[in-house]
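Pasting a structure here, questions to come.
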Amino acid sequence: MPMTDLSLAELEKYRPDVVQPADFDSFWSTTIEESRAVGGHVSLAPADTPISELIVEDLTFPGFAGDPVRGWVTRPRTPGALPTVVEFLGYGGGRGLAHEHLAWAASGFVHILMDTRGQGSAWGSGGETADPHGSGGAFPGVMTRGILDPADYYYRRLFTDGVRAVDAARDLPFVDESRIAVTGGSQGGGISLAVAGLRDDLWGVMPDVPFLSDFRRAIAVTPSAPFTEITQYLAVHRNRVGQVLDTLSYFDGVNFARRATAPALFSVALMDTIVMPSTVFAAFNHYAGVDREIEVYPYNNHEGGQGHQWLRQARWLAAR
Amino acid sequence: MPMTDLSLAELEKYRPDVVQPADFDSFWSTTIEESRAVGGHVSLAPADTPISELIVEDLTFPGFAGDPVRGWVTRPRTPGALPTVVEFLGYGGGRGLAHEHLAWAASGFVHILMDTRGQGSAWGSGGETADPHGSGGAFPGVMTRGILDPADYYYRRLFTDGVRAVDAARDLPFVDESRIAVTGGSQGGGISLAVAGLRDDLWGVMPDVPFLSDFRRAIAVTPSAPFTEITQYLAVHRNRVGQVLDTLSYFDGVNFARRATAPALFSVALMDTIVMPSTVFAAFNHYAGVDREIEVYPYNNHEGGQGHQWLRQARWLAAR
Amino acid sequence: MPMTDLSLAELEKYRPDVVQPADFDSFWSTTIEESRAVGGHVSLAPADTPISELIVEDLTFPGFAGDPVRGWVTRPRTPGALPTVVEFLGYGGGRGLAHEHLAWAASGFVHILMDTRGQGSAWGSGGETADPHGSGGAFPGVMTRGILDPADYYYRRLFTDGVRAVDAARDLPFVDESRIAVTGGSQGGGISLAVAGLRDDLWGVMPDVPFLSDFRRAIAVTPSAPFTEITQYLAVHRNRVGQVLDTLSYFDGVNFARRATAPALFSVALMDTIVMPSTVFAAFNHYAGVDREIEVYPYNNHEGGQGHQWLRQARWLAAR
Amino acid sequence: MPMTDLSLAELEKYRPDVVQPADFDSFWSTTIEESRAVGGHVSLAPADTPISELIVEDLTFPGFAGDPVRGWVTRPRTPGALPTVVEFLGYGGGRGLAHEHLAWAASGFVHILMDTRGQGSAWGSGGETADPHGSGGAFPGVMTRGILDPADYYYRRLFTDGVRAVDAARDLPFVDESRIAVTGGSQGGGISLAVAGLRDDLWGVMPDVPFLSDFRRAIAVTPSAPFTEITQYLAVHRNRVGQVLDTLSYFDGVNFARRATAPALFSVALMDTIVMPSTVFAAFNHYAGVDREIEVYPYNNHEGGQGHQWLRQARWLAAR
Amino acid sequence: MPMTDLSLAELEKYRPDVVQPADFDSFWSTTIEESRAVGGHVSLAPADTPISELIVEDLTFPGFAGDPVRGWVTRPRTPGALPTVVEFLGYGGGRGLAHEHLAWAASGFVHILMDTRGQGSAWGSGGETADPHGSGGAFPGVMTRGILDPADYYYRRLFTDGVRAVDAARDLPFVDESRIAVTGGSQGGGISLAVAGLRDDLWGVMPDVPFLSDFRRAIAVTPSAPFTEITQYLAVHRNRVGQVLDTLSYFDGVNFARRATAPALFSVALMDTIVMPSTVFAAFNHYAGVDREIEVYPYNNHEGGQGHQWLRQARWLAAR
Amino acid sequence: MPMTDLSLAELEKYRPDVVQPADFDSFWSTTIEESRAVGGHVSLAPADTPISELIVEDLTFPGFAGDPVRGWVTRPRTPGALPTVVEFLGYGGGRGLAHEHLAWAASGFVHILMDTRGQGSAWGSGGETADPHGSGGAFPGVMTRGILDPADYYYRRLFTDGVRAVDAARDLPFVDESRIAVTGGSQGGGISLAVAGLRDDLWGVMPDVPFLSDFRRAIAVTPSAPFTEITQYLAVHRNRVGQVLDTLSYFDGVNFARRATAPALFSVALMDTIVMPSTVFAAFNHYAGVDREIEVYPYNNHEGGQGHQWLRQARWLAAR
């Protein structure tokens, strides 16, 4: 259980030269516009849950290509428009059950938890959102689905879902549109960063041990899944390296960070074997917004700060 | 990830002949009486937390030998005496932070979470309760602390803390004394069972994948820690087997189950590598109360039902 | 590296009572008919390979829903219709490169190797066949894709591809239609068995350590992936057990074996940790054809007989 | 099984800037004085053992706070005061049985083996010494017991036992007071170093792959237990890092080495995964005595030189 | 760390029907006679060691085919013929250094430690005895060297060395010929058993967790090396199973036990993953001598009783 | 699954100063001459195999000391002298069955596959060649057999077999003597390199992820077997380091590369845990021939390029 990457002093200076595709912005603006153009309806239904002191509702909203995406909306019984946290999930997890995510709402926020398409079956209590798009041959998991073309890549759909989740939030009457923050751990942090790079209306972004940045380094040095799904795919498809790296450049957290300006609170763990600290600092050190902080957990693996980081986030938002 | 024990049909009939010490009842009544005789004060202080929609307080109460034991009390803002759930923790964990356990209170219950003496440092967000009693040589962990004499054994102190936590609950003005249930997962389930065997005033007991039953079989067949702490201790102290088994008979969940009469809802996981299913059924099949049920999770390891089991518990209590 | 299952004597008698859905036959006849109805073209192109002493061609044929499926056709330079072996691949593999599968052709057979849709990226030299159908949330891998409904399950598509591969073989001028055998190791053995249960025109079927039989037992006792993908899915989706087992009954090798009558040569390895020997014997002992043999490898894990089994197969076919 | 740390050339120059508390000397002089002030009796009883060619006796002496500490004294049948080796044990072990440590006595030395309080239950044949002091919450093992305050830390007690073991040796009539050396492997080496830093009357000190130096680096880079007990504690108690490092500075082998002047023979293994070689060189390179040597085992893990190092030690002492 | 085999009650009755080759006795009598016929000289040289209170000498004696085999002779300084223990080593070890095996001599016995030909390089301090005989292809280790023919099998040479070690002992003036016992742990226990089956002049035999019995079961159920060397060999040489089992029947500890009549003290560990308890009981339950005992260690892996078992042995011999 | 060694940029410059024994050339010329002087007969027998479209023959030729070495000769049915590939095997493998190596012959080459003496029993379908020379004590495997003296070292025999295999090839009427290339993966690559350094008549050498170079670094940094056999031997034989390194210098691939001039095509994998990339580059960067290339697989472990590399080799030879 040693440190897994560069020293903290080196990390603080690590600012890799990640490739930016010339059409990065048009690729994403077209993608988002097309999905918005499909339209679709945001719906809320009462959740079947023993929770009585807070309101919990079952959300469905149109994501990429208008595909239905599920979520939970949890909020205080207080009337009026409240500050809101939109949260994205870690790799393999699903939105779970209605009573499992109460802290934000119990602290006075509207909390919107987005389910993850095609995942939700590897840990926890389950998810409910399909990914109705097939793909070419892939290594088990979603990291290499459609990886030979940016248009087909799984994360094009998932990041678009994230952007559309904020669109959906803005439609809800009890959400204060001027105070919407996004957050999430690991993959959820990666989605947060992507959403922050693709919208300019966020109150804050809080990526917790964010995944999905600095792919070129990540796939060369990370010992544990899921970055290794890509490595193992390339170990088979030895003649597809360039093509795969080209696709990934459209999805690199560093390229979203370069475009993101909302106030940001990152976290990183120096003994992380799943998301190498250098890839988190790659995004943090490239982050375009000047109001940015990072909490360093020197002795943690990928669990990072857990409840300690949530407390840090809640206090950081409260101070805004 | 195969099934780890007998078939379900065999488990349902498994009712081992666990040794009962002749002085079991006097051992425990003396133990509890002595600790009650020490007295001590139950105190509540406001928790430093962003939680605003529920009340969270920092509890200190006198446990074994009057030692101060910490906990969190979380409850609705509603006035009046409410039904109450006293919860005990799994092995190695601590009470954590004030915002981490909200579901019971958000469902209308008073929730009292007891910290675990001398633990709270192996996972999660930490604990705050010392175990101010030394011990003879032990294998790392608490399973063999003081194991050569029932009077010195660690779990004598911890189970007494559990009984005293219910005593403390009964002192709180917002607790409905006639509706106090105890629960917990793994070690927390083991404590629940012990408390249920040592008190006759409980509204319900909900041991979730309970640990600490049928020690003789457990230490012979369990592949993973912490039961193996005892096995490894005996692998060194080869001439202490009888003495150790004698001590353990005072702490066997089967012997508490034989004395417990509160309505009970157990759970068990058939792929559990930490708490063998047969040891759970050993306690369940010996449970003295006639109002008892067990939820079987056939494809889970020690995580058991997680949120699904909580939902089952909340509905079970709601129906009483 | 011990034996992983029942003793050989017990295995020889193991004949589990696997559930058969009432509409099993209509489900499959409808499925096959619909895919045949889509039509599509079988095409061959010269392979780009240094192989000169045999003919290697790049095959594309219409599989499930007419989706294009790739393969390699390798055959002697001899003119005329030859006996033919259609081979299916193990889990995660792809058809690889044109020179990697020469033994059947070098022994005088036409060899048709079917690529596996959506796989081909976990080991070896790669595959080229997409699975253009999305799915609900799934555990990484294909074992749980669409598992909540037989109509959506991944193996509905793959088994249909296998049936259609034989249809394609029959269309090729150099194939002797009366002498088409199917074979494959592990998943390839499972596909072989399914095809043997869905057609009545095969010369022989040679399932080598076949996967995908006796699911109910398999998911309860198998220690290693990929059967465990289903177990892990059910560990999350705790309330879907019945639904999942119902789907699997349409795909169980035992149910195909009950309908298969072609001469059969199975193999099984008694130290297999991936495909439990009992699940192989479950299919073998239920096999409807009376001309059936099984080669037992007592000291092998899932690699089974490898070249020794190929030799056994080649001599078995030669003797027909 | 590669090298685990810096190259030998780098190690030879590695001399880290370990923090020294201002009150280090007074902390320790007070600690030792207080325990000496308690007094207590050194007693010897005949050991129950088949050993006949040497004398083996069962030792009890007063350690920290006068707590009784056990040991074995083994010596030649020769009368008169002899050179003496006091040995301390590795982590988790106990003094074992009377016949297990004969080489020093069979070579003409008095050998005093000190049992380790609260340990002796993880490997070998057992120990007999209790640690009658409780502690705050700790990670399993002794590394974090009382770690929030130097006064409570486990190693305060154990190092004091080591100093008192030499006091006890000096009381024995068959010990030549001018020729007392201390030694031990791993934790025993760490105790040796501490004793050497706390006394000025030693004939020699022979720390074999010594544990417990350069804590700050050790907890950041060591892959295996027991240094990781501290890392894992800090992974939970994320807000206690400074406090823990402060405590550890009172116990760092480097700070004892800076004060130790007896002739010294160290050993180190370059493939050690438990005690990183840099932490051994940290102590060696800071060692105050000018008469110091280190034996390097380039291809060994934590077992180091074993019998080869004992031979080296015996010859080194014989040459004095 | 669970029990690895049958229950103790079943073990006590386990008496497998191990095949005995018709020419077992002639095979061995010819083997021993041929090696004795080669002759050769037993020599002793002073050991270069600091040990002064006992006499340690470096032994060379003629083993199989007269090959020189090394050993250590350690004994009290007392004159006269003494009771003697001949000890054989565990798999992979060597005789080590002259000071590493002192307990028997320190208890008044002559101790003769036989080095193991061709081993001595996997753990400990090394060995010095070559195995100057080549072999056919083998799995790494010695278990499959020459396994296709009893005449070539490695253990033919090693067991003959064991018999010749006792011949050598009888030649030494300080050995009491009427009181020679043999012992050893694991492989050393297997050699002890073979020697006991091949001589009728032993005072006692003390096989400690003996290896090399009941091969047919052992290679089918043992999870860990070195029995698995044979399993893995057969996983490759799939067509050599009968030939290999035939060879092994000449070396099975059960067949030696059936012929051994010296008083015997066995030991067995019920959590042994290297030597399955059933294979120890197979030999014990077939042991021909009526004066036989077995010490059972229920919670130990292959380390068995260690010092506790040595004490048991020393007292058992002392009582004769 | 991270990169295991230096960066590619560093590897391209890595050219270590490997020791060359003064008598390296005479050692080898004497060795080869002596074995050639023994003479012996090259024989071919028809293989018992279903392969009909190619000719497969069972080869025996005289290797080191004239010992019989086996192989397979596989070739097109075409008459006349053809270009030839002599292939050597990876560690632990054997020549297997006659149908398992068809690609070279199916591409128009004579293919000679040399069996490996004393190996062939760890994976695959088996080998048939004995190593009739005993050795001193060794770690399991062949890496340390005879390692205390170059004259006794296992690889002296195996490398000589490789040279003699080419001698044998030149004797076969269907081999074009001017077009003989050598190849092999891992150990087979190491043998190729040795043969290339010991002959000057090769058409090409194609070492694929070659093993056995830069021993001093390899045994210090390689995490996985078989280099670790040497490390583990030295962990026991702590006083033999110099002697072992001296022996290894006669067998270091770097010293053969310095003498080899045939056109060369290497491969290397940057995530290789068995053959560190630096040791491959050590040989490649020292290779004496100017016509040399290396194919780099950045995301592969020791499997390297597999079929992709074979294709690269076939095209490289075809272009000559």
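All chains are identified by letter, namely A, B, C, D, E and F, in their written order; residue positions are counted from 1 within each chain.
Going forward, a residue touches a chain if its C-beta (ideal position, glycine included) is under 8 Å from a C-beta of that chain, and two chains touch if they have at least 3 such contacts.
By chain, with names taken from UniProt: A, B, C, D, E, F = Cephalosporin-C deacetylase.
Values in this document were obtained by computation on a predicted structure and should not be read as measured data.
> If you walk touching chains, what's the least steps from chain D (Cephalosporin-C deacetylase) to chain F (Cephalosporin-C deacetylase)?
The fewest steps needed to get from chain D (Cephalosporin-C deacetylase) to chain F (Cephalosporin-C deacetylase) is 1.
> Per the definition at the top, count C-beta pairs in contact and tell me whether E-F or B-C has more.
Looking at E-F and B-C side by side, E-F shows more C-beta contacts.
> Check D-F, E-F or C-E against B-D and flag the pair whose interface repeats it, over half of the contact pairs matching by residue number.
More than half of its contact pairs match B-D, so it is E-F.
> I'd like to verify one number: the distance from the centre of chain A (Cephalosporin-C deacetylase) to the centre of chain C (Cephalosporin-C deacetylase), where each centre is the average of its C-alpha atoms, in whole angstrom.
Roughly 38 Å, centre to centre.
> Counting in whole Å, what is the centre-to-centre distance of chain A (Cephalosporin-C deacetylase) and chain F (Cephalosporin-C deacetylase), each centre being its mean C-alpha position?
50
> Counting only Cα atoms for the centres, state how far chain C (Cephalosporin-C deacetylase) is from chain D (Cephalosporin-C deacetylase) in Å.
Once rounded, the distance between the two centres reads 62 Å.
> Please output the residue numbers of chain E (Cephalosporin-C deacetylase) that touch at least 2 other chains, ranges allowed.
Touching at least two other chains: 124-125, 232, 238, 308.
> Draw the chains as dots and join the ones that touch; what shape do you get: line, ring, star, complete or other?
other
> Write out the stretch or stretches of chain D (Cephalosporin-C deacetylase) touching chain F (Cephalosporin-C deacetylase) in their complex.
Counting only chain D (Cephalosporin-C deacetylase), the residues touching chain F (Cephalosporin-C deacetylase) are 1-3, 271, 297-301, 303, 305, 308.
> Chain B (Cephalosporin-C deacetylase) touches which residues of chain A (Cephalosporin-C deacetylase) in the complex?
Within the complex, chain A (Cephalosporin-C deacetylase) touches chain B (Cephalosporin-C deacetylase) at residues 49-54, 76-77, 96-97, 99-100, 102-103, 105-108, 124-125, 306-308, 310-311, 314-315, 318.
> Tell me, which parts of chain A (Cephalosporin-C deacetylase) touch chain C (Cephalosporin-C deacetylase) in their complex?
Checking each residue of chain A (Cephalosporin-C deacetylase) against chain C (Cephalosporin-C deacetylase) gives 92, 94, 116-142, 144, 232-233, 236-238.
> Which residues of chain C (Cephalosporin-C deacetylase) touch chain B (Cephalosporin-C deacetylase) in their complex?
219-223, 228, 231-232, 234-235, 238-239, 241
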